[in-house]
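In what comes next, subunit A is part of two complexes: it sits with subunit B in the first one and with subunit C in the second one.
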Partner chain A sequence: MALTAAFGATTGQLGTMRVVTTVLMYVVLTESWTVLGGFGGYLNFGMVLFFGVGAYTTAIVSSHAGITPLATVLAAGGVAGVLGVLIGVPSLRLRGAYFAIVTFVLTLAIQQLVMVLGITNGALGLYLKPVSLGPRASDELYYFIFLGAAVVTMLVVRRIGSSRFGSALVAIREDEDAAEVLGVPTTRVKTVAFVFAAVVAGMVGCVYASQLYYIEPVDTFAFSLSLNVVVAAIVGGAQSWIGPLLGAVATQLISQELLIHTQGVEGNLVLGALLIVFARFVPGGIAGVFRRRRVAKVAV
Partner chain B sequence: MPRLELKGVHKRFGGAMVLDGVSFSVDAGRVLGVIGPNGSGKTTMINVLNGVHRPTKGEVLLEGTRIDGRSPHSLLRLGIGRTFQNPRVFQSLTLLDNLLMVTEGMGRDGGGIDRALGLLELVGLAGHAGTLASEVSGGQKKLVEFARALMTSPRLVLMDEPFAGIHPEIKAVLMARIRASCDESGITYLVVSHEVSELVDLSDELLCLAEGRVLASGDPRQVSSQPEVIEAYLGQPLASNPAVAG
Partner chain C sequence: MTTFFQVLVTGILLGLIYTLIGAGLAIVLGVLRIVNLAQGILVVIGSFLAFDLFTRWGIDPVLSVLVIIPVFFVAGALGEVLLVRVPARDSPDRAMLVLFGVLMVAEAVATLGWTTDSRSINVGYANGSIVLGGVVIPEDYLVMGALAVVVLGGVELLLYRTLLGTALRAVGQSRQSAEILGIDSSKLAAIVFGIGTALAGVAGAALGVLFPFSIQLDAQWLAYSFIVVLIGGLGGIRSSVVGGLALGLGQSIFSQLLPADIVPVVLYGILAAALIWRGGGIGLARARRI
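And now, the complex of A and B:
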């Protein structure tokens, strides 16, 4: 983390700083995903749904209210959060795989909706007012926003990991019936964790829209974002706050490096291969290798 | 007022009436043993009592308050704990963390940990507090489930086949602890088991379920020697009938 951050700040090259900013964005998304996905074991394949809704909320609200896009961050998080409740309450009553499918299908549905609605300007997309800074200063601004967001999200997720709420999620992952019998209001706990990720993704979408100052449905709702988050969490290890950090850095550096030198297809292939290898042979991810030793120490 | 009372409880799955008008009551600090052939509805009854299933008809009262239809987590808060026929421990957690997982006592403060360690000590597992649950034996898992149920500060504990397939030594520990917590803390137990002779020793009252109905209930020795009860177990003496052990 410190390494990546220092890398971005000191090398001073615009290209490098943008790469690191994207890595940091994925750290934020993956950390927030991990609460339900890693602690609770419910795979959310819909991160881009909330990310996109946050981005569009920012575009629409900032242009209607005549304010700078970044000022709409709470609105973006709020709308994404409300959508999270609407999706989470019914779908989290379903167990396991159904939930993953619902989040995937709804991503496609909302993307289609954004394509045809007037307020989103259909496939043409929306323009936003860019921040009035030079390119260099603007890149630094977004770099520091995502750096700060990454630190805050990591601290929050670390805190959740050692809280009653975090334990309740682990109980759900291990045995949901037993968790319910032990007093865990399982549907409510899962929904709160889901909405947390939705709010964070919505806020990230706001910053993304502001940074790009043009959004349209295909890229803004690209399923690859959801997939990248899931892969990062599984590669890094989704059972503690440290895994998403390691996984997001590792997978993003790999895919961005490949993106520069190739057309991007290889990037997806490598990520796919990583996913299979880690899911099959390294169930705790990179962090799990260290964690196993710690468990024995902590418990006594 | 009885601690637990069932009034004409029915539970239907599709066309099958699995509980067909079950009524009984049990007081505080008593052990009620429940026997009955396979498929007679014993597990279903436990599932109804702790809110996994909603009864099709009838009432369940805990100290006079209707509780049927409530969710398992809200019933835990009212003091109903349970164990499962196949132990449901959290495999990737230590025994200590399995107990700390319980919401009511889950504070990671000293109090919660001391209480959890005390309960592990009670069932003879203090030395394994840091062991992963996946690494202990099936019988020890049953002890963990029992300690975990006590961690919830229950008024009523429902135990589904706690003695099935466990080492005689562990069985003895479990029986002694059930009896002691009943006598000392006034906890009520409903213990389902195939092992009739153990249940006769342990229970204050015995109830025999057959095809979803209460066939007999009352004094354990009397119930276990009634002809209809023996008949329900394929007409052979209970304790020595191999068909009963499955």
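And now, the complex of A and C:
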């Protein structure tokens, strides 16, 4: 973390800074995903849903109210959160794979809906007012926003990991029926974890829209974002706050590097291969490998 | 009235082909409890193989399934042994994640090999049609619908008329009990995956003839296969036929009533609603099994 931050600040090249900004954005998303996906064991394939809804909320609210896009961050998080409640309450009664399928299908549904609605301007997309700063200063602005957001999200997720709420989620992952019998309000706990990720993704979507100042359905609701988050969490290890950080940095540095030199297909190839290898051979991810080594040392 | 029958016939023929995609997903989910997220991309690869066989060697897509079925069966069985088996022992979700990786890799490799261009297979009977009492039945729909019936019938016979099928259903009901009775469930798991993959390949060949296709269609086919399974449940081929026909007829009716770009929204919306509404029902569907 400190390494990438230092990397971005010292080298100072615009390209590098943009890469690190993207990496930090994925740290934020993956950390928030981990609460339900890692602690609770419910795979959410719909992060881009809330990200996209946040981005569109920002575009619509800021143009109607005539305010700078970044000022709508709470509205973006709020709308995404409300959508999270609406989706989470009924769908989190579903177990395991069915929940993952719902989040995947809803992503397709909402993307199609945005394509045909008038308020979102369909496939043409929406323009936003860019921040009135030079290119250099605005890149720095977004870099520091995401750096701050990454630090805050990590602290929050770390806190959750050692709280009653975190333990309830772990209990749900280990044995949901037993947790229910022992008095854990499972549906409520799962919904809160889901909405947390939704709110964070909505806010990230707001900053993204402000940074790009043009959004359209295909790229803003690209399934690859949900996918990158899942891969980052699995590669890093989704059992604690440290895994998402390691995973997001590792996978995004690789895929951003490949994106510069190739057309992005190779990036997906590498990410997919990483996912296969880690899900097949390294269940705890990178963080799990380190943890096991530490435990082994203690045992000796 | 003619329009009504027109919609009905197209819907049923389309539904039979959708059944193929759904049946592949259903058999793997029913017997092994694993969601094969790679189903959509496998369908697209089936379309591409049929396209290559047709354009290079002039093999009709109907005959190309004789190549596609064994190739896909072996690939699916190998995939189960090498990639899915070990994580599946831990949890079905981990197996699903591995298959998610397979989806990404397959998509990337297919993009490198075939590019993202849209293609179509122009068979001789693509533009022909049979008129029956005012109802126009496109010939390609008829041929592919018949192909689907033959393949689905074959799987149904395999499941209910052979010893292998009985063993497969036993594993679906209780893997442990089947093991105790001397059934080699590991070998059967590979076979089940092979069958599911082969069904996706056949569906790909059929859909490639009916619609122009590109790699990006994989998400749509995956979603369609979910719809078939969710509506029909996991009661074997007959359940998948129910789900497939419902989807085919639904799409055909909505296309008649609504603007084209709204149809997918409605279909996905129905799927999400069905999933949520049948929250308990799916649990039951899981218990019903193949």
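Everything below uses one rule, namely that the second predicted complex is superposed on the first by the 292 of 300 C-alpha atoms of A that agree within 3 Å, B and C clash if a C-alpha of one lies under 4 Å from a C-alpha of the other, contacts with A are read in each partner's own complex, and residues count from 1 in each chain.
The rule we apply is simple: contacts are C-beta pairs under 8 Å (C-beta built on N, C-alpha and C of every residue); 3 or more make two chains touch, one makes a residue touch a chain.
Everything numeric here is computed off the predicted structure, so don't read it as measured data.
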item	value
Touched partner set for A:15, first subunit B, second subunit C, both or neither	neither
Touching partner for A:148 - first (subunit B), second (subunit C), both, neither	neither
Partner chain in contact with A:164 - subunit B first, subunit C second, else both or neither	first
Most subunit A residues touched (candidates subunit B, subunit C)	C
First, second, both or neither for A:185, with subunit B first and subunit C second	first
Residues of subunit A that lie at the interface with subunit B and also at the interface with subunit C	none
In the complex with subunit C, residue positions of subunit A that touch it	41, 43, 90-91, 93-98, 100-102, 104-106, 108-109, 112-113, 115-116, 223, 227, 230-231, 234, 265-266, 268-269, 271-277, 279-280, 283
Subunit A partner contacts - residues on subunit C that touch it in the complex	35, 83, 86-87, 90, 92-94, 96-98, 100-109, 111-112, 219-220, 222-223, 226, 261-262, 264-265, 268-269, 271-272, 275-276, 279-280, 282-283
Subunit A residues touching subunit B - in the complex, by the definition given at the top	162, 164, 167-168, 170-171, 174-175, 177-186, 295-296, 299-300
Complex contact set, residues of subunit B against subunit A	50, 52, 71-74, 76-77, 81-82, 84, 88-94, 96-97, 100-104, 106-108, 129-132, 148, 152
